[in-house]
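Below are two complexes that have chain A in common, paired first with chain B and then with chain C.
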Partner chain A sequence: MTLETIWLMIILAAPLAASLVLVLLRDRLKYAAGWIAGLSAALSLGGALALLPALYRGQIPVLGLRWVPAAHIRLVLHVDWLTFPFLITETGVTLVAVVYAWGYHHPDENTPYFYALLLLFALGMSGTTLADDMFLFYIFWELMLLASCALIAVWGDGERRGAVALKYFIFTHMGSLLVLVGLLVLYDATGSDSFSVLREGVTLAPGLVTLVTTLFLIGFSVKMAVFPVHLWLPDAHTVAPMPVTIMLAAAMLSMGTYGILRFPLSIFSIEQMAPFAVPMMIAGVVSEIYGALMALAEEDIKRIIAYSSVSQMGYILFGLGTLNHDGIAGATLHVVYHATVKALLFMCAGLVIRATGRRRIDKLGGLGRALPLVAVCTGVGALAIAGSPPFSIFNSEWMIFAGGFHTAHIGLSILTLLGSLLTVAYALWFVGRIFFGNRPEGLTVGSLPWAMMAPTVLLTALTFIEGIYPAPVFNWVTHELALILGGI
Partner chain B sequence: MAKILVLSTIGVPLLASLSLAVASRRTRPSMAHHVTLAVSGLVTLLALALLPFAGGGAVIAVEWFPGMGQIGLTTSSTGLYAVLVTAGAAFFALLATASHTQEFSPLMGALISLALATAAAAFLADHFLARYVVLEIVALCIALAILVEMQTRQGVRLAGGNYLLLRLGDVGMLTGILLLMDATGTLHIAPSLEQGLTLIEGTPLGARLRWAVAGFLLAVWVKLGGWPFHLWKRTGLQLPLNAQIWLYATVMPNLGIYLLYRVTPLVAMAGPMRDVILWVGSGGAALAALAALRHRGVRVSLIYQETAQAGLLLFVAAAGVKEAIWLSLFVMAALRMLLFLAADATRHATPPSRQRKIGTGLLTLGGIMLVAFNLLIVWWAGRTGVRADALFVAQAAVALTGVLSVHMVRQSLEDEEERRPRQTYEIQWPQGVTMGLLGLGIVGGGMVFGPLTHHLMTIASVAPPTMPTLPALLRYMVTTPAILFVVGVTLIARKMWQWTIQSPTPATESSEEIYNLEEGLVRAARALRAVVEVGMLEGLVALFALGTVEGARFVYRVVEQEGLEGLLRRAVQGVMELARRLRRWHTGRLRYNLLWIAISLILALLVLVMYGG
Partner chain C sequence: MSGNIQVILPLASLTGGAFILYLIARLVTGRNELLAFFTALVFAVALGTLLPLFAMTGPEQASAPTWGYLESGGALTGAFLRPDPGGLIVAGVALGLGILVALYSGRYLALDHRYRLYYPLLLLLVAGSMGMLMAADLFNLYMFCELMSVAAYVLVAFRRRTDTSIEAGFKYLIMGSVGTVIMLLGISFIYRETGTLALPAPSSTGGTLGTWTRAGLACLLVGLSVKSAIVPLHTWLPDAQNRAPSSIAAMLSGVIDQSALYVLIKIALGLGWSGYRLGTWLILFSFLNMTLGNLLALVQTYTKRLLGYSTIAQIGYIMLSMGVGLRYQSREAIQAALFLLIAHAAMKGLAFLSKGVCHFYCGTSTVYELRGTAVQAPLVAATFSIALAGLAGVPPLAGFASKWFVVGGILQAADTFSYVVLTVFLLNSLIALGYYLPLIGTLFMRETSRDLPRIRVSPWMTVPLVIMGAMVLAIGLYPEMLLGWTTDVAPYLLMLGG
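And then the complex of A and B:
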């Protein structure tokens, strides 16, 4: 067992062990639960980062064991360049969400369960990206859903949390089933469940390629919450407790992108994917514009940011649909940057809600003087989501737009660019309405815990740093492209 | 040495901006003003010091964005002169207002310094990505300036509107950049434009590159505040004089002119699109000048004057007169400064005041020089053989800008009675000195216009244009039908107006009739404004905003709630109903009637026996 294999194990073992400890020693860990969860999340992130030198050396850390030999089921984990950006995003978001939860979540007797489920949710996401075989992939994929669903059902806001959790479960599970069918068809046709083997190239009948790709695209689009299969997202994001919302929006949505990159794009050739390019681009543009319009129409600050995710996933789908270097690199960059910015915006929304007790935008206003730091952080987040330089998302949008203009469909590319103006509109409207103007009558401002402020400020700084120094993340993504597109 | 100077040109204002922003609460307004003034002066000096190094390649190059090539700052001659003009304008704007610093916010100083640093970087950058990034930051500074002054909902609305409009221009610019990059494979400005020029005609990429030209021109049109994008410039009236003159009337238009200067060769090769651009430019100029005649405020009229100027520049660019665009960077910067300062002097000077008369005199001087310059550039455009109809409209627009100048001078004299006491104050020496310097500079520049133009063309490596003599220019003016037509109509209208007002014993009926005619003209002008400005433009904006929000709500209700949610709800209801019926059937028949089970088992047994047998 090499050092890399140990780090690989730690990424999953840390949250698993911590959640087990939290469940088993629930009565004694009411106050220490947050710290234990934070420590395990930090270990996961550390483990992921520790694998970076091996990847730069050209190694692919693998950990595998036979599980059901008769059915040829193996449990294999691996980290390659396609996995890495997603892994870092998920583990990083989990860490900041857990730290944010220290201030957000009031400890009670169920707190250990809360953190245990949060860690299982993170485990599901990390496992999904680390899995190198279909069986393990699907197990982690469903674990992610179950853990997040339980978090919404138990710790969600309002009376409707049960219904919302059910809706979330049904919707995303339908997507999961499509993915499962796709996986089974692929397994049946190729006889292999190993991603590494499948990536070497498979020969399928054209009809089967169309079927499998369609199943994957629709299935993963549900997870991405692209219009019109996004309906679970606004409710789930709004009702979920803020740390869970952060993980849902900033990390879990990226799983859909990962799925599209890992399956149809990695397995099939560009020629085989070509018929899907325009539909993907159109779906991306529609989702981008529709999500932005809905964000403009909404009045609940969490729902505004939630619809913004629908819009941002549209950019990503558009980038993937270009099927070229710039577009796909931009889409993957967008996943990483969107995670940072979306987590930041939700954290800011959480701070405003905590400070004022209000979440309707028409009941807020003039908070700039009372909450200057939150105003600056939200301003940075809003400018970043609007694609303004020098903040991170500008870089990924540049790549996505460049990818669009490398295709023959200039009209769609111009439409995407024009649609980005709607993003500017809702982002400015969001900040302007909350932090400027007169403060509404009766609006009081309470104090904010440091545990909620610290990660918010950290992400604000990260948004700026990622913007002015994009090279590291860009390099990861460039390595990934060789895996996906065979070096186009 | 050049590297240090270039770094300082950008770094010094950047540092000042950061310092002022961080220490904004502890910095006195006068101190902030002095710092900003000193910084703009220093950048002007640094640009001057860089001139001996002009024409060199990239002095600083970094790979910021992997795969996009080395992003460099160069000491190109045109870029350095553009920095010099822009920084000098900032210095003069701040110097002129040095006597009333109490209204200068430290945050405004930070924004001006940041815009100065980024504008300098934009002029010196040899890479489209870098230029786009810094232009976006300048746009942000312009929008934020409103928020510094007005932290109300109204301020947010104006700032947001400005930023959206400027971003629309940036959408155009990004379209242009990315299409050009796709065609040429590089983001370096000079090679990319050169290759674009060879590809735009006779290659399959030509059509795509024409889209790129359209994108660039949209960016230029928005930055220059061409009609109908002048709305963002009007909001500058809410700012202190120095911020308005520099941030709203100088820096962004200069960036627009410089961009237009770079893409003019592409514009001239844009095929059928060129005719559209000619018409948009000349028509936009005429419309803006006509709309300006309706306004009473000199500062508002000046904004429309700039809008008309934007149209003329676009027209001249479509005609392919690159040298006129380059020249206008210098001429317009000086004239804008003079006109705005003079207008402010006439607006605020305590009556009766000698300074007020000087202000009016300088306003007249600025107006004359502007008209002369416009005449010259349209004369140049005419010599390239542009479409006669578009040229006619452009010439009419030049005449209208002349009428507008007269209108402004008259307004500055007539407004005295309407001025409220609190709006007046003694014009202090800094403003007087600045206006004097600018006036002298403009007169001097006018006297040596030929050699000066020759020098500036040498800098830009452009062949000097044919320079008409003053009599030839005057002859052109008095023999151009469009100009004569506009002047004639204006004189008739003016005469009728005077006759109506001054006639000692006007026949009531006749007077009424003529008055009605005058009133009709005024009403027509107002109707034009109401239809075009308020009805169409502002109405369109309001309708668009309303339509967007209401449309979004409608779509939300129909698609989201009733459509998709409804579909889902109905599907769930259907499944639930089916489940309920099945349950009823199950509990009604099977639970209480085990016969069904027995029959099923017997049937199964029979099947097994039959097949097994």
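And then the complex of A and C:
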């Protein structure tokens, strides 16, 4: 067992062990729960980073065990370049979300359960990215759903939280079932459930290729919340407690992208995928414009950012649909950058809600003077999501558009470009309406805990750094594309 | 009477145990806990004597151990018991469930009294089901089926002071007896034409069926459909499960339905239906079972009634997978059906027993009243949730592993009809979320208007619950062992179906 294998296990073992400890010793850990969760999230992130040198050396850390030999099911975890950007995003987001929760969540007797579920949610996501076989992949995939659903159902805001959680579960489970069928068709064709075997090539009848790709694209689109299968997202994001919303929006949505990259794109050749390019691009554009328009129309500040996710996932799907180097690289970069910016924006919204107790945008205004730091952070987040330099998303959007213009579908690319104007509109309106103008009467501003401020400032800095120094992430993504497109 | 003594041992220990237990209850002690313990012991002994049979029974029926009538020459003529691999699994499940239900009753029955009837009847119920599964001729099959049914009628109506349980028991009695009478009629038709009651019929393979045999088989299938709650003959089941004691409701779905379903398959194949034909019919009826069960479960107010409709749906899943296996000669699908059958017995049993705890301590019967269970009895809420999540097919529980194998089995068929089957199956498993999840949510709902005291649940109840919960988890995480047990069933059934 090498050092890499141990780090690989730590990524999963840390949240699993911490959640078990939290549940078993719940009575004694009311106040320490947050710290334990933070520690295990940091360990996970550390484990993920520790694998980086091995990846640069060209190794693929693997942990493999026999599980159900009768059905050719194994238990294999591995990290390759396709996994890595997603793994880093997810573990990083978990850490900031847990730290943010220290300030957001008031300790009570159920606090250990709250953090335990947050960690299980994180475990589901890292397991999904690390799994190298289908059975395990699907188990983690559903764990992610279960844990987040429980968090919404128990700690959500408002009376409708049960109904919202049910809607969220049924919607995304429907997507999962399509993915399950797709996986099993592949399993049936190859007789093995290993992703590594799949990557070496699957011979399927052309009709079956179409079927499997369709199943995967629709199934993963549900998780990405692309129009018209986004319906679960605005409600779930709005009702969920803020740390959960951050993890949902910044980390979980990217799992859909991971799925599309992992299954149809890296298993089938670009020629086999070609018929799906235009539908993916169209769905991307529609989602982008629809999400931005809905964001303009909403009044609840959490819902505005939630719809912004629908819009941003549109960019990603568009980028994947171009099926060329620039587009796919841009889409993956966008996953990492969007995670940073979306987490930042939700944190800012959470700070505003905490400080004022209001969440309708027409009841807010003129807070710039009272909350200058929050105003700056929100401003950076809004500029970044609008795609303005020098912030991170500028780079990824640039590459997505470049990918679009490399294809034969210039019209769609121009539409995407125009659609991004709407993003600018809602982003600037969001900042302007909350922080500038006159302060409404009766709007008081309370104090903000450092645990909520610190991660917000950190992410603001990160947005800036990612924008001016994109080399590391870009480097990872290039390695990943070599896996998918075959050495460009 | 002669043959391999080991074949008769499990049955003898159950029936003998029932007799001795009744005497003990009459003459020695009336204490519920002791009787429950003895009953569990009898079940355990029966299970212990059943286990060696697994090793002796393979897919080849010619070499299977038998017990039967001895002719003057010394050769066995008509075998009266001949275990087959699938029947042994179903019987093993029944005995395992019996052990846990008996232990559970050690506390659960405290309010009902009349222990001396309950425990012997419980043993006879399982004895009937086991005899039916092992019977090698139609007459004995009929006798054992009646034994199982009569015990079940009494146990369903066990709470005789409430009108509703008498009503449910009566309804079950009427429907069940009509079913068995029709079976008897069918058996007489078959005897009239073929002059033999052996199962599988000696002339069945290859030849065309005579008119009387066909009519007789139809009667047998209808009768067994009542027992296994196949739509549209399912109407007794939700009522019976709602009004029977929870322990008996667990036996209804884990033992009676499932063993009747397996026997139905065995008879139809043994009397000359081809696997293709039976498979197609099973699939078509499974559509009804799944859809109706799931849709009606959505609108239920009473928890146990909801679970009853869920049983109907789950029987539909088993029929579907079995049907696909027989129609397309897919070993994987048949194994998946057996796997699902075992998993369902554990999960549904766990659900009913958990619900029974709530009823025992708090008198809850509707879904709405279950609010706050997580505060009152966290362990019960946890096991109940595991059972429900497992039934909904959530990973990593037993239901998920079975869903994985069932879908895998259907996909192997790969023709248009199988895609229709797959779509119906997946839509149904989606509909099912609509009642399993809110039920889990209800358990964890915080109750502010009532002051809820913490309940100390008796270990007689917690031990079976924890064991079953661990089993549901273990089956899901490590399906290897169960899959290994079911390997012999598929070749046996496929050979029987030609």
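Simple rule for what comes next: the second predicted complex is superposed on the first by the 487 of 488 C-alpha atoms of A that agree within 3 Å, B and C clash if a C-alpha of one lies under 4 Å from a C-alpha of the other, contacts with A are read in each partner's own complex, and residues count from 1 in each chain.
Assume a residue touches a chain if its C-beta (ideal position, glycine included) is under 8 Å from a C-beta of that chain, and two chains touch if they have at least 3 such contacts.
In this text, all values refer to a predicted model and were calculated from it rather than measured experimentally.
K.L.:
Since both structures carry chain A, what do chain B and chain C do when superposed there: clash or fit?
P.N.:
clash
K.L.:
Quick one: classify A:471 as touching chain B (first), chain C (second), both or neither.
P.N.:
After superposing on A, A:471 lies in contact with chain B but is clear of chain C.
K.L.:
Which partner does A:376 reach: the first (chain B), the second (chain C), both, or neither?
P.N.:
So A:376 meets neither chain B nor chain C here.
K.L.:
Once the structures are superposed on A, label A:425 by its partner contacts, choosing first (chain B), second (chain C), both or neither.
P.N.:
The answer is first: A:425 touches chain B but not chain C.
K.L.:
Mind working out whether A:296 is in touch with chain B, chain C, both or neither, as first, second, both or neither?
P.N.:
Touch status of A:296: first partner only.
K.L.:
Looking at the overlay, does A:139 come into contact with chain B only (first), chain C only (second), both, or neither?
P.N.:
second
K.L.:
Of chain B and chain C, which one touches more of chain A's residues?
P.N.:
Here the partner covering more residues of chain A is B.
K.L.:
Kindly classify A:32 by the partners it touches after superposition: chain B alone (first), chain C alone (second), both, or neither?
P.N.:
The answer is neither, since A:32 touches no partner chain.
K.L.:
Quick check on the superposed pair: does A:6 touch chain B, chain C, both, or neither? Answer first, second, both or neither.
P.N.:
Neither: A:6 stays clear of chain B and chain C.
K.L.:
Among 218-226, 416-424 or 452-460, which stretch of chain C shows C-alpha clashes with chain B in the combined arrangement?
P.N.:
The segment of chain C occupying space taken by chain B is 218-226.
K.L.:
Residues of chain B touching chain A in their complex?
P.N.:
63-67, 129, 132-133, 136-137, 140, 147, 151-153, 155-157, 159-160, 163-164, 167-168, 171, 174-175, 178-179, 181-182, 208, 211, 548-549, 551-553, 555-556, 559-560, 564-565, 568
K.L.:
Per the contact definition, I'd like the list of chain C residues that touch chain A in the complex.
P.N.:
Within the complex, chain C contacts chain A at residues 389, 394-396, 400, 403-405, 407-408, 411-412, 414, 422, 426, 429-430, 433-434, 437-438, 441, 444-445, 478-480, 483-484, 487.
K.L.:
Taking the touch rule as given, give the residues of chain A at its contact with chain B in the complex, in rising order.
P.N.:
Touching chain B: residues 228, 231, 290, 293-294, 296-298, 365, 368, 383, 386, 388-390, 394-395, 398, 401-402, 404-406, 410, 413-414, 417-418, 420-422, 424-425, 428-429, 432-433, 436-438, 468, 470-471, 474-475, 478 of chain A.
K.L.:
Which of the residues in chain A end up touching chain C in this complex?
P.N.:
67-71, 135, 138-139, 142-143, 146, 153-154, 162, 165-166, 169-170, 173-174, 177, 180-181, 184-185, 187-188
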